[in-house]
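Chain IDs A, B, C and D follow the sequence of writing; residue 1 opens each chain.
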Amino acid sequence: MNTGILNTDLIELICILVFFLGFYGLIATTNVIKSIVFLWVMEMAVIMFFLSIGYNIGIVAPIGTDLVPGQVADPLPQALMITTIVIGLAVTAVNITMLITLVRKHKSANWDILRKKSSES
Amino acid sequence: MAVLWGTMWCMVALSVLYLLVVVKGPSIWDRLLAINLIAVKVTIIIILFASIYESAFLLDAAIIYTLSGFIGTIFIALFFSKKEKKQKQDEKKEGKSIWRVY
Amino acid sequence: MIYAILVLWIFLAAIIIPERRGIRIIIYFAIFSLVTALSFFLLGSPDVAMAEAAISTFSTIFFVICFEKHFRLKADGEGDPEKKEVSKAAAAKKYVLPLLLIVPLFALFIFFRPGPEVSTYLKDLYITRFAQDVGGVNAVTSIYLAYRVYDTLFEALVLVIAIVAVSHMSAFKEMTVPDGEHSDIERDGLAVFTIRIIAPILLLFGVYLVMNGHISPGGGFQGGVAVAAFFICRYMIYNIYDMPVKKIIRLEEVLFMTAVAIAVFGVFLGAGTFVPLEYLRLYQESYLILMNILIGLKVACACIVLFYRFVAIERR
Amino acid sequence: MASILEIAGSVLIAAGAILMVLGTFGLLKFKRFYPRILISSKIDTVGMLTLLLGLVVRHGFSFFSAKIVLIIVILLILNPLVAHILSRSAYMSGE
């Protein structure tokens, strides 16, 4: 189990699976709030995919003075993913504000009803 | 070392059991209680992991878990208590049970 | 270990799909965030796990407020909506058609995913050289404050734009309100007393994360969000309606401009070129601490403004 | 080979885990909310406290132990708070 290839492979498959579960939920649901939740799920799957690159059992965090490159996690994806998480918060906030304004106007958060009402007006 | 790994697996198994409570629990308060229990189990898993690798700086993650985890639970509880109360009053006023979306 | 947690993770992502009741979606979402942060931690990245744990609190609160608003508006909008019976063909069209789209895409992704050979050139370079190039002990903080500082700055710009977008999309134009809804536990003496003990610890811990970001996990983002979480506690036991929001937004803009100026200054005055060697260590450490403080304060201001917007203005 | 502190710590950790398992059995056996919240305090406070004290004993007098003691203090304040707010909200909503 310590070859490194199998481990990375399995986690990658799991991340792709969760990404597509989130995508299915995003387009198959009728509730807009649920769609926003699934957007967050998809983002988490992408982040997990990037973090799992080069994962091996027994790997440690890249913190310390004398690090050996083979034994620590890759720090570059981590540095990029921290910013991604904060951007996800911003995206969620903007989405929810738009949704609340729509709900205020049309009194519903259903995709079908919203589509019908906004095409009428 | 074996004790630490065994306790970690035990915590994972307990989290799965609490997940059963979350899925099945009759009222919403059981679910919120199970969230809190799972949060503490996750904290203990992190502490055990830091103890296995003998690194004190990993404990910072456990502290921020404990500090920020409870805020979400309290917020959901407050929101839901207000909502339930309003729904019960409406039902009493109208004399029939309203269709529950939530 | 990690595989057990990941199986739990798949289950939690799958269980949200057939769920129709909002409060259960929020609860599953909260547990999903918890388990996600735990698996980030087990993958060897405590920085990302801390950021996720702190930020999922905020996103949970936003979803809670969204559902609350939806519930109230729907209650006085449509009366009592009947649960509509959908025909079998319509349901099949709604649920099977996306599946027909998803499954081929999934198969394509599985088939064309990148091979197992990962280039470790950049990783080795960063890990072996960051201590003398940038200074500090935490490789992640060193990378996002020095090698990749412009990514970080553009991310900070995204937060500024998010605040502008939120106040532009909203139905209300005003930025501050004199008074509004208070939380329920304000009159509960025991809870107020306990949160009064906890909240300063939270603030102190956030400041610790910001100041210690270069030698331990943490940094500007995580510490800033922890500092902003202090203001959620303040809302719960007191109120937040006396906060000078306009001044906070102004402060955020000034902090962002200062961070950009310092980053440009740091690039053109590169370490080791103009600074004498005996002061190099001091210069590097002060640069890291200063940038961490600026970014932490900026993220804290942004999160406070977003929280204020949602709790005070959007919730009315 | 193993020092006496390590053995004592391991025993305490195992005791904490066993207490948690027993508490979970009670949690699954009761069906209503108020008995459950009564049981959950046993899991979260007694079991957690024993387990973390075991870790403190295992590591001896060090920086690591000091941080664990900080976590113990925070959890000792927070768990009763969450239980109190949950039961209060449940009572107010008429559960």
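Just so it is clear, a residue touches a chain if its C-beta (ideal position, glycine included) is under 8 Å from a C-beta of that chain, and two chains touch if they have at least 3 such contacts.
Just so you know, these numbers come straight off a predicted model, no measurement behind them.
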Between B-C and C-D, more contacting C-beta pairs sit at B-C
How many angstrom lie between the centres of chain B and chain C, each centre taken as the mean Cα position?
20
CA centroid of chain C to CA centroid of chain D, Å:
29
With chain centres defined as C-alpha means, what is the inter-centre distance between chain A and chain C in Å?
12
Hey, how far is the Cα centre of chain B from the one of chain D, in Å?
14
Which positions in chain D touch two or more other chains at once?
74, 78, 81, 85, 89, 92
Two-or-more-chain contact residues of chain B, please, as numbers and ranges.
32, 57-58, 63, 67, 73-74, 78, 80-81
Could you pull out the residues of chain A that touch at least 2 other chains?
60-61, 63
Listing of all chain pairs that touch each other, if any do
A-B, A-C, B-C, B-D, C-D
Flag every residue of chain C that touches chain A in the complex, lowest number first.
2-3, 6, 9-10, 13-14, 16-17, 19-20, 22, 25, 29, 32, 36, 39-40, 43-48, 51-52, 55, 58-59, 62-63, 65-67, 69-70, 73-74, 77-78, 94-95, 98-99, 101-102, 105-106, 109-110, 113, 116, 118, 120, 122-124, 126-128, 130-131, 137-141, 143-144, 148, 151-152, 155, 158-159, 161-162, 165-166, 169-171, 216-217, 219, 221-222, 299, 302-303, 306, 309-310, 314
With touch defined as at the start, can you tell me which chain D residues reach chain B in the complex?
10, 13-14, 16-17, 20-21, 24, 27-28, 31-33, 36-37, 40, 43-44, 48, 51-52, 55, 58-59, 62-64, 67-68, 70-71, 74-75, 78-79, 81-83, 85-86, 89-90, 92-95
Touching residues on chain A, where the partner in the complex is chain B
60-61, 63
Residues of chain C that touch chain B when the two form their complex:
1, 4-5, 8, 11-12, 15, 21-24, 26-28, 30-31, 34-35, 37-38, 41-42, 46, 49-50, 53-54, 56-57, 60-61, 64-65, 67-68, 71, 74-75, 80-83, 183-185, 198, 201-202, 205, 209, 216-218, 222, 226, 229, 232-233, 236
Help me check something: in the complex, which residues belonging to chain B touch chain C?
8-9, 12, 15-16, 19, 22-23, 28, 31-32, 35, 38-39, 42, 45-46, 49, 57-58, 60-61, 63-65, 67-69, 71-76, 78-83, 86, 90, 98-102
